[in-house]
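Before I ask anything, here is the structure I am working with.
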């Protein structure tokens, strides 16, 4: 018996039960300047949390291992500066306590998805936990790992699908949205998606993010860098700040509260493009409904239907919108529709309700 | 060097270069009545082609193998009756010629994705071909198989991702949208997605279809049955007609030309729900832009901006819409926006253009 | 209920029920000279059948596709010349009849493991069939494909594991010996192994072949080429003739009946090395048994035990060996053992039976 | 540049550079009695180390988690009692120090194969480490994980392949012997194999162990239980003590030094069966060589060759065997061979050298 979905909220950031989050930031915290620059870009785009690694799980011991607790202080400062909570990965039980002191969310990475002592330790730290699925673990095992975190007392657990290992070689992993959806039927916890590690290449991150959004993910976690060619890790899969902005506008994540007039107008333009496309589709439907009416000898205008449409808009737009405003919008749409249906009076300035 | 995307068109059905198709129908053609009933439902929902198997590639030789050429005649009659082209699978070189005589599109199934003689034979039949990726083949091999079809003379080839074999067991396959996107960067051919075989379970088909849509697939191929519990094959993954209808409305595939008034109104209602949501998001953005303006001491109203917004709506809605209609819509949105921004005159009946 | 294992015999070649076969030859038949040269090497090594492809399933339509029926005649001539049956792949139903006229065994390749029409056609051709497992198919599906061949009337079916697709990239495939063993518990058909395609690299073919032998495979099919760097396909995984010879000696496949004195002596030397190693191990065991006897105060010599050992050798070596010969061998071993156990009289020329 | 293979030795236990080990014991240490009983069986069979888990990495937090340090003391006592070193898994950095105090070898399990802090901690503990490959990690990553252990100062590192995750479902994992062999070409460290976790079912453990032996593994680690149906974990894949004994005899691992007379004789019997089979094969080869000699008109007896054979046996059996004993053995074999070759004087009591 799966309970209703729950939301996990951390400051302005929430995921689950209809709330959808975007966590973004560099793979690794490289310097105070780097993380602050990227934090600003991330906030401007509309992300609701800042990610950044300070302890890096690297395949090779000779690769850059992260700036540790010093890096954490840079990340904290950057998050505070832009007003975003911070998410960072914990790799070992001994790191839990110092990280939990400064980080808002403790991330458990894919390689540690069955590091049970770490799961227990992180689950007992009094901080929300973001648990990635291992690239070699099943959905069933992923949810069992979540039980370790919950059993340790964690109340705010977010699960993250990030691609599994398969034979396919054009991408780094294979994003398992079906597995995420199967998990959805087994847990009430929020489920977010990491398209960056699944793709391993920048050009596929945005379309995979859109796919995850289409599948109903409760959020995204993406890697962003402003000079990816110089990144200390995973530069090939990092989005540029502009990519993130476009993605946020497209999936309907609002830009940061402190955004510039121009930034917000870009977002409004994206909305207007979508409204226009929907209105065009609506008009094509009106032409079809007119055909059906003619076949049946039914009149084109149907005032009862118009009233229903208006009432729905009034209800959907809700209390904060003046009633006359909602009605004018519905009238405008109905007027366009009548014109598309070929009703002779349609499109005149006075509209259908004249 | 990848050429620009091409569209493959078959009657009303087209996929690629911005056109998006929905191919739907039963896994197997079971009887003249069954396929006609489902064809009607499929057309009503808005699908642009009817699929149905008459030669069934079954793992076991003792399972139902399809009704063969007799089934093909039933499928053809059903397609003609509802005005949809038909898509059916060809399993062997010797079937190509008789199937090509009646079918609009020849499908090559996943198990035959490297049956090179069949690829050549089907490619030379003068019919469009729909080539599924094998569940064990790489993107590179899939595109190499496509070369066999093209080299045999086929001009209209559609590629279909349908899930690959992985260790995950909650789903039948793992839908590889990343692989589809990687293929996108390597070919100009249309790429569609089969969420039914990837999921293997009805409850995940619609969200995976949405994911594929989000990823930019040029179309979908889905299995539909009106009594799936009695289906001769793959009933567990078949959508019900009502599921297909809801999916088409949601992804913006228009219902069939001959749809009833009620069917089309359902589609209009879906559009109106989306418009309402976008308008709400627009108003939230207006509130944010107002904050930015106040911080900067800029006035709330900006008539140059309003003119830009209006001009964009006029352009986006295009020639078939009366200019006054587009302007009334833009005015309604701008008026709501001004109210959200706290402009004192907003929301009054006369609106911003008073 | 699994029936007892059955053997499939084709001329000198048999696999199953205790008989173990080695099928070897070039990936592709390239010329009459090439296939004859390799056939001689293969026969000399001890392989019991000659393989060679004349219709090649190549990923790309622009790669070498095989010499077809002309190549088949070269293969047949080479096989006849060295007295070996020939195995060749059939890729399409229309090839079955002409191939079956000349080939002793029809091979179905991995890519066609679920090409059901081909399975049926090949199963009805009156020739033994060698069915490879698809690289993306489960053991269950492999056995279901076998049912297609059997249902078409084939009485002599051999199954072949050749590696499956996994995430691992150091090898071409992952040889699934566990899957072969699982199949063993589900079928009475012979199960052979193709280490060449599983490895994809020459240096791993021999140790994987030994592994397959250790797992109890009923045979091997390996690719051999005398100038692999010039091979038209799959040269990187071809064994050299000398590798095959060493492998045959090591796994105990006898060299060809017509082998030279030197070739057979090489094989005898390999046997003698193994006997020596076993005798050394036997002596170490004798030293241990002596320790146990001393701990218990039991005498070193135990004539009842010696009689048992002798009787076993006599029985194991069977009727074709003169009784005195078997006894002399047992005496020699027992004498060495007594010496190892520290029995004072041991090792003297007259032996234990003095 | 791969250095020559190295051996890792711990008491009587060694793996690598020609030494081959068998580590055996229960999945979990369940009680002092259980582990002692199984330790005795394991020693009797011939295993060179005792394994047993006291901290158990279980998928679910609600499953049995092991008896911890108390269990370790039971394991230590059992090992001491039978004279075997002990191997146990360490799951967290904090466990390294207490486990290293009592355990001879620290095992890192598959789920922790990329738990880099644990790798570093275990590598610095001054104990040999046994590092399992993760079921979702590549050979390249496995070797990179090994670098973490080595970089922390470990001089005695053993690598263990234990099966990877694939789509195949008849077995728990897919034993990747090809991957082990690929690793062999990249590292000088000993490579052992765990057939128990790869198979997940008892009936396949022994044949997979034989396969690993055939592939040249430097050792095996297998789970053994005397009442597997009552085991607290993984009972389905545990060998019975008698299975282990038969396996050790078959692969030539000597029984424990303290074995009973009967136990050692069972091992001798296994050797004698193999010698008999080799002698039979030798005689078949002699018949072939005789055919070749007759074709060429060469005499059957060839005293130079006989001298070579004798010299080889003398050399192979080495210094601890009296020369006359080695000669008698060679004479017995040569005599049998001459009889097989049809030489008239063969088989007479006085032998060939009479």
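A, B, C and D are the chain letters, set down in written order, and residue numbers restart from 1 in every chain.
Throughout what follows, a residue touches a chain if its C-beta (ideal position, glycine included) is under 8 Å from a C-beta of that chain, and two chains touch if they have at least 3 such contacts.
Keep in mind the model is a prediction, meaning the values are calculated, not measured.
**Student:** Using C-alpha centres only, name the chain that sits farthest from subunit D.
**Tutor:** With centres defined by C-alpha atoms, farthest from subunit D sits B.
**Student:** Work out which of A-B, B-C or A-C repeats the contact pattern of A-D, with more than half of the residue-numbered contact pairs in common.
**Tutor:** Same contacts by residue number as A-D, out of A-B, B-C or A-C: B-C.
**Student:** Whole-Å distance, subunit B centre to subunit D centre, using C-alpha means?
**Tutor:** Distance between chain centres, rounded to whole Å: 56 Å.
**Student:** Give, as an integer number of Å, the spacing between the C-alpha centres of subunit C and subunit B.
**Tutor:** 51
**Student:** Measure off the straight-line distance from the CA centroid of subunit C to the CA centroid of subunit D, and report it in whole Å.
**Tutor:** Taking the mean C-alpha position of each chain, the two centres sit 23 Å apart.
**Student:** Hey, what residues on subunit B touch two or more of the other chains?
**Tutor:** As it turns out, subunit B has residues touching two or more other chains at 136, 140, 164-167, 169.
**Student:** Which residues of subunit D touch subunit B in their complex?
**Tutor:** Per the touch definition, subunit D meets subunit B at residues 165-167, 169.
**Student:** Where on subunit D does subunit A make contact in their complex?
**Tutor:** It comes out as residues 57-62, 91-95, 111-112, 114-118, 120, 134-137, 140-141, 144-145, 147-148, 151, 164-165.
**Student:** Which residues of subunit B touch subunit A in the complex?
**Tutor:** 136, 138-140, 163-171, 173-179, 181-183, 185, 198-199, 203-204, 207-208, 210-216, 252, 254-255, 257-261, 264-265, 267-269, 271-286, 288-289, 291-293, 296, 298, 305, 309, 312-313, 316-318, 320-322, 324-326, 328-329, 331-333, 335-336, 339-340, 346-349, 351
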